[in-house]
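Labels for the chains are A, B, C, D, E and F, by order of writing; each one numbers its residues from 1.
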Amino acid sequence: MKEKVITFGEVLLRLSAPGNRRFVQSDVFELNYGGSEGNVAASLSTFGVPASYVTAVPDNELGAAALSAFNSWGVDTSFSLKSGSRLGLYFLEQGAALRPGKVIYDRSDSSFASLQPGTIDWKALFQNASWFHWSGISPALNPSLAAVCLEALKAASDLGLTISADLNYRANLWKYGKNPVEVMPELIQYCDVLLGGKGDSELMLGIPAKEENSLEQVFSAWQKQFPRLKTIASTGRANANASRYQWQGYLWQEGKLYSSKQYEITHIVDRVGAGDSYMAGIIYGLIKNHNDGQRVVDFATAASCLKHTIPGDVNLATVAEVEKLMEGDTGGRISR
Amino acid sequence: MKEKVITFGEVLLRLSAPGNRRFVQSDVFELNYGGSEGNVAASLSTFGVPASYVTAVPDNELGAAALSAFNSWGVDTSFSLKSGSRLGLYFLEQGAALRPGKVIYDRSDSSFASLQPGTIDWKALFQNASWFHWSGISPALNPSLAAVCLEALKAASDLGLTISADLNYRANLWKYGKNPVEVMPELIQYCDVLLGGKGDSELMLGIPAKEENSLEQVFSAWQKQFPRLKTIASTGRANANASRYQWQGYLWQEGKLYSSKQYEITHIVDRVGAGDSYMAGIIYGLIKNHNDGQRVVDFATAASCLKHTIPGDVNLATVAEVEKLMEGDTGGRISR
Amino acid sequence: MKEKVITFGEVLLRLSAPGNRRFVQSDVFELNYGGSEGNVAASLSTFGVPASYVTAVPDNELGAAALSAFNSWGVDTSFSLKSGSRLGLYFLEQGAALRPGKVIYDRSDSSFASLQPGTIDWKALFQNASWFHWSGISPALNPSLAAVCLEALKAASDLGLTISADLNYRANLWKYGKNPVEVMPELIQYCDVLLGGKGDSELMLGIPAKEENSLEQVFSAWQKQFPRLKTIASTGRANANASRYQWQGYLWQEGKLYSSKQYEITHIVDRVGAGDSYMAGIIYGLIKNHNDGQRVVDFATAASCLKHTIPGDVNLATVAEVEKLMEGDTGGRISR
Amino acid sequence: MKEKVITFGEVLLRLSAPGNRRFVQSDVFELNYGGSEGNVAASLSTFGVPASYVTAVPDNELGAAALSAFNSWGVDTSFSLKSGSRLGLYFLEQGAALRPGKVIYDRSDSSFASLQPGTIDWKALFQNASWFHWSGISPALNPSLAAVCLEALKAASDLGLTISADLNYRANLWKYGKNPVEVMPELIQYCDVLLGGKGDSELMLGIPAKEENSLEQVFSAWQKQFPRLKTIASTGRANANASRYQWQGYLWQEGKLYSSKQYEITHIVDRVGAGDSYMAGIIYGLIKNHNDGQRVVDFATAASCLKHTIPGDVNLATVAEVEKLMEGDTGGRISR
Amino acid sequence: MKEKVITFGEVLLRLSAPGNRRFVQSDVFELNYGGSEGNVAASLSTFGVPASYVTAVPDNELGAAALSAFNSWGVDTSFSLKSGSRLGLYFLEQGAALRPGKVIYDRSDSSFASLQPGTIDWKALFQNASWFHWSGISPALNPSLAAVCLEALKAASDLGLTISADLNYRANLWKYGKNPVEVMPELIQYCDVLLGGKGDSELMLGIPAKEENSLEQVFSAWQKQFPRLKTIASTGRANANASRYQWQGYLWQEGKLYSSKQYEITHIVDRVGAGDSYMAGIIYGLIKNHNDGQRVVDFATAASCLKHTIPGDVNLATVAEVEKLMEGDTGGRISR
Amino acid sequence: MKEKVITFGEVLLRLSAPGNRRFVQSDVFELNYGGSEGNVAASLSTFGVPASYVTAVPDNELGAAALSAFNSWGVDTSFSLKSGSRLGLYFLEQGAALRPGKVIYDRSDSSFASLQPGTIDWKALFQNASWFHWSGISPALNPSLAAVCLEALKAASDLGLTISADLNYRANLWKYGKNPVEVMPELIQYCDVLLGGKGDSELMLGIPAKEENSLEQVFSAWQKQFPRLKTIASTGRANANASRYQWQGYLWQEGKLYSSKQYEITHIVDRVGAGDSYMAGIIYGLIKNHNDGQRVVDFATAASCLKHTIPGDVNLATVAEVEKLMEGDTGGRISR
């Protein structure tokens, strides 16, 4: 069976200040290897879906450690490249209550950012795969990466894979002279499944969306512009500070908007990767329950609720755990 | 004075994933030695009540470390046995917000589970004691332990000790072919004080209890069946997730039900042992204030609230701290 | 420009039980160097205001480490003395939910407490300064320190510095035979700016204040008694336990009371030094925005909200971070 | 090419007292997953040789974590079973200077020890493999495991794999009523490569060996008894305490004994797995340099020297690192 | 049987910089509770000899924690006093190679140092004891403590206990205006067993000893001066730096000097308490093997070698471990 | 007095694998801020010599933390620039015994490496200074830095400062198309004091030096080529592995070679920065004892011996500690 999901994107070494410390108070940094698309692969692998992560790392011990981490989550990294000169990094200070978290990116000139079109044999790589996932972070890095994304999308499309994307807007990227809207639409036209929000509409897709427009209106407009889009997913936060908020998922499918219940996440452990865990939940749901939009959004939302309680970028919740929460068991009683 | 409380049960080494980590994310496990009945002894000792813990550990460094921990809390372990081949273990992953905690038991064939009737000289052991406490965990292990409990209860009863039990139902135990209801009633008939809840009624005592029955009705039925019972205690949770809930204590005495105020425990540090801390509070209260049911339930509930803020299985709160909370000081101001 | 703020007081080594552990459960203590007045200096330095800390430490490695910590925050300690025989200590157990924090002071006979009048050349020290800050902790230690405070105040007053004080009542101090009210009024008469609350009024200033009196009434009475007072600041807590509360700041200036919005601090990391961070915010505000009482109280309150999320005694929040919170951004979204 | 090496044996969770602490002084245990045969697989994988580990783990989070660790080292675990009820454990206290290390085994009734003959499809498993490695630990557990070893050996032999074994005598095993000499010879007759020492000769193989016999004499006698044996490897320690010793490797091949230089390991970090790292070095050498016995023993000895400096059971040294040490670079200069 | 050993002295909280850090580099201090005489009690208790520690601690959580630590080692602390205002402290920086360790004492005005003669009921306390141990640290603190030592010695002597002392010279104590030689001789005359060295002879006992005098000559002179002395013990170091040295024990008994073999301690973990562990070994040996001086010195020396490998002040080596080392097993092989 | 020493070079954040772990085994990295020239400044400051560090850091929290670390050691950083986009990093794996340490540099495009000539006002900066120190690392980065070094040297020379340099060859730098010998001689001609070794002679200075040449011969040749050189310092290692070696210092002055005693460093804690600590010792010695070459070399060698026992890049040993070791006290006895 060709269930395998291929993800493509940059792996980063995250260096976080421990506990609630500020950078200047830290005498160690905690390590986590992650990356938006790889996080999706790792979550899918934890759900039992074969997943592959295509990235590039330097040929040194840090590059090896990054791939080793994904291997430990069961993700195949055999298509990843050892090339370029450095691993991308980011430094993270977790927020608390009224103090927001902080990220310092240090990813310029990374192995991944140095990738050139024509390097990866996409046809070979997609041979045993049914799904390709990428995100708006890669084309945000530089024109070469935008071109690599395009060649990947064409190959995936030619081979009939389902294609999903996370718009993933990052204000600190897109520094190479192009606006997202000059780059993204060409890429999005190949996509079947998209994760994004109202705020991305004009910025990344060039489709105006007003505060008062409903999600249905916005996503219908997207679908009109990008006719291949069948599914659009989104998340929403309310009553938020850095340690707690309410969290809800949405799924637009064939003109219909499904929403999950609103969960109260009272004690956030780590919100990094919450969107990726939602994306993985959507992909899992679409693969397993493609006729039941409500179940898809419920699964993805419950999955991403659990991610908020797990340190690191990756959602290590299992299908059984997600389903237990979907069924309403929020009491947190220790099973013994 | 013969105030000494004897407790009997299995000591376990708890190995917990640190912080909010999942098992697979941990590169250390934190150690805590505990056990339902020993936790009661340690809390009583911290309250200033002489307490003894009768258990069995292997004759190796881990067995010695287990007893050493109880000694550090002032609990006498001189009657504990060094026998059998291994210390029972359990692995704990603490929950957070919408993710429940998880326990993996690894206690088969432990030193305690290998105890045989006729091994312990209960008469000698009860010589300077006024109270005996046990729980439904011991008879859940195997028929020998059920028999050991019975011999202990007969001896304690003969010597006129007050006897308390915690029903302590554990779905993962009771695997040896008998249902609790085939074993527990014979043992409960020796008890003066019992900790349990509506859910245990049919399962462990064979007395049907419906959702709509009041606690008064249920506990009256228990008392009818087990005429020696003078006091029945219970706890209740509301609005729960793994990190916070509301907590309330109940005490039924001579036909009257007392309830504590409902506390809001907004940030749970460690809920393991909460029931044991409540049991210890009840025993303390009955020893010190036997005429004042309200004060007993208020003390026990406040004690167990404090337990939720203390890592490990054992409630290290003092009488002064419990009384300060009983008196309504919930503001958490640092005293300095 | 003579913007430099001089603070004077005792530096303490804080030894805290890690995480939520009780003292008896700890096998390490975490170190933080702080002190009410030094905390003010460190916060001001982090705001970009040149600040100097005048204290006394023993001439050993611990004394050096204490000054080194303040140097790392950019505070000048070149006027601090190496004298006396020991560094003052305090042991801290952080509270959680319904369990209050606990402080054990061990500061008797410290280097600072051994200071004698006539030792410090206040004139030289105040040469390039515009502001002097002290607190009620110093005169609480012993008569010599009260005398040292007086000589400092006279010198500062002669040189035209703005003088601020934090009343900082500590029940465990004031043990040398005098009540605060016998000592403080003489010192307060030199002050332009005061931090205190209704509860301090009779106790420290000898001015009766009833529960039903408004803050306006109380602070007007203070101003009448101490005519040099131009600004009086205060804070208030509501709905508190050890892990969360609501927090609000007040500022009385020329007969007018300004109050900040009430912030909900849902997950307190470290409340020690919250008052000092508020004091620093007030001083910063008065230096930068002396005509806008509302902005001063808003800045100081937002600053002290952030302090509650930062471990240690010192507020390491920057002006930019405080201003972002003042502007209403409480959502805690990670900026990236 | 069919280079793949299959190893078979028990995976254990090692729980070690941190640093130089004794068990009773520890409040955490450090985790490492290992097992003699799996350690060989992990070292080979680090050398770039495809390796597979066949073991059994319980179907719970600890079992998953054990396999995850081997996956992180690049070892294929897809043939491992999820069966049985518990993961085998051992507790380790590292020695220092004159204090020897200490191991407490807790591996009875583990998932692996519960394996039955007929469960594993050895033929399928050996399909793409050229080498099979096992050790004397498995038949030491119980008769079923001895039988499983025999069926594996027959299958491997039928399929023409090279077979290696480590005698691996453990005094605390072999408790089921048979002496090693009643079990091992039947299994050893299938082996091409053996790791053992003079002390094992009579005990495990039934071939008397006196103190004064040379290694050549002993290994010639082994070869006579087990004609399939082509290569016998051994190691020696001298001037030892728990923190330092001299270490030397030996290799007997076709009647000739090769010895490595004697290395001085002045600061041992972790000696557990040293023999396994030597075994992996021998297998690597035989695969890569089968005509050069001296190079094989030099590589294996240098590899195992590096293992002594790496925490955990597994040798994470690369071929390049081993070869640098073989070439005489012992100066420890940091390359930068 | 009256085997119980009573020890008397100050308990201290030791706060150590972790690993090889300097004080200024530490952000935690590691905690150990110890004290020369208590260390002797804890080692004896670990050897199976009932031991009691008489000390004084403040009535706060730190005092409780100090006694709790000794309880965890099986030492009876029921005669210890809760009095005075603070626990004595010392700060420790471990040395390494050519950098010596460093101690900062902070023990003035401790609970123990505040003890007054007439407070302790020595008669009652010595009722079930056969041995009393003290050291030169107590009379070094102040005249009151010297007087308390004298009253203890008189009582012990009257009741026929064997009395041992460790001269334990500390340059940083003896600050109250008396030289040791003005105080110690009066106390030493009650002693049967003494631990000291050539360097203490003139300084503490007023008996000149030249470099060229043999230990036999020096100890004979001591015995002449203090006729009750039957046994004198001593230790020697050679070829020392902070991380390794050679260590040897001596025992003078009835005119004969026994010496142990010289051990090479190549990797010192913690040398604090080495002398106390030797003292405990001597007491154990004298109780168990009083006719065999050679065995006594061999046991004590092996015991103290093991202490050097154990973190903290207390020797947690068992009799079996000591005897294994005495029998020459220095190879450090892990037993498994 | 114009004693102030100015150092110029790149500050790096060092991220080290904890303990003896390999990179892939680490889940935290320990942080140290250092840099060859800054390490010299910090050691001098610890010796009591006013020192300033001129470097460049990005205007973010990591840049602030880097300067904060130097401030904590008493180093003035007020001339450092906030410019450029990233802090240079290096990753360190400490070696042990036969396993060498490993450094992965990640310093390209750092703030410091982006410095341009004409940016720094050297004249102003050198106003109150008597000494300028730089090293061969800066011109190894790129042509701009080589030009900045040259402008600094000219300015320092014009203002009459003493100038010292450390040749500091790094094989992994010098990647911009020039060999050291094309760049360094022009810079060295301004120097009064040089640290280097025989191996640098041809490589960096273009002066051939054979194995059989004595240090006197080599350094005389250097002096001939660079007539301003008055003092040349060097160090030597023998019998080395990653955990221990012998260490000796040399000083050539006016035709005479002084050598220190050879120290045995049996347990190396951290060898990074050993050369910098030696350089600082030489500078200190030249400032304080300029007529006594033997004392200078003895001080510098003892200082650098102590560095090997201190974690991090910086030597935190004081003058008193160095002098105690110079006087022959290598016994490592704890002073108490």
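Details
As a convention for this text, a contact is a pair of C-beta atoms (placed from the backbone, for glycine too) under 8 Å apart; a residue touches a chain by one contact, two chains touch by 3 or more.
If you're wondering where the values come from, they're calculated on a predicted model, not measured in any experiment.
Should one ask which of C-F and B-C has more C-beta pairs in contact, the pair is B-C.
Homomeric contact subunit A/subunit B: same residue numbering on both sides for under half of the interface positions.
Chain centre most remote from that of subunit F: B (centre = mean of CA atoms). With centres taken as mean Cα positions, subunit F sits 45 Å from subunit E. The set of subunit A residues that touch two or more partner chains comprises 22, 24, 27, 68, 72, 102, 267. Against subunit E, the residues of subunit C that register as touching in their complex are 15, 18, 22-24, 26-31, 60-62, 64-65, 68, 85-87, 89, 91, 93, 102, 104, 106, 108-109. Taken in their complex, subunit B has these residues touching subunit C: 72, 263-270, 305-306, 308-312, 316-317, 321, 324-325, 329-336.
Of all residues in subunit E, only 19-22, 24-25, 90, 92, 95-103, 105, 170-172, 237, 240-245, 267, 271-272 touch subunit F in the complex they form. Within the complex, the subunit D residues that touch subunit A are 68-69, 71-74.
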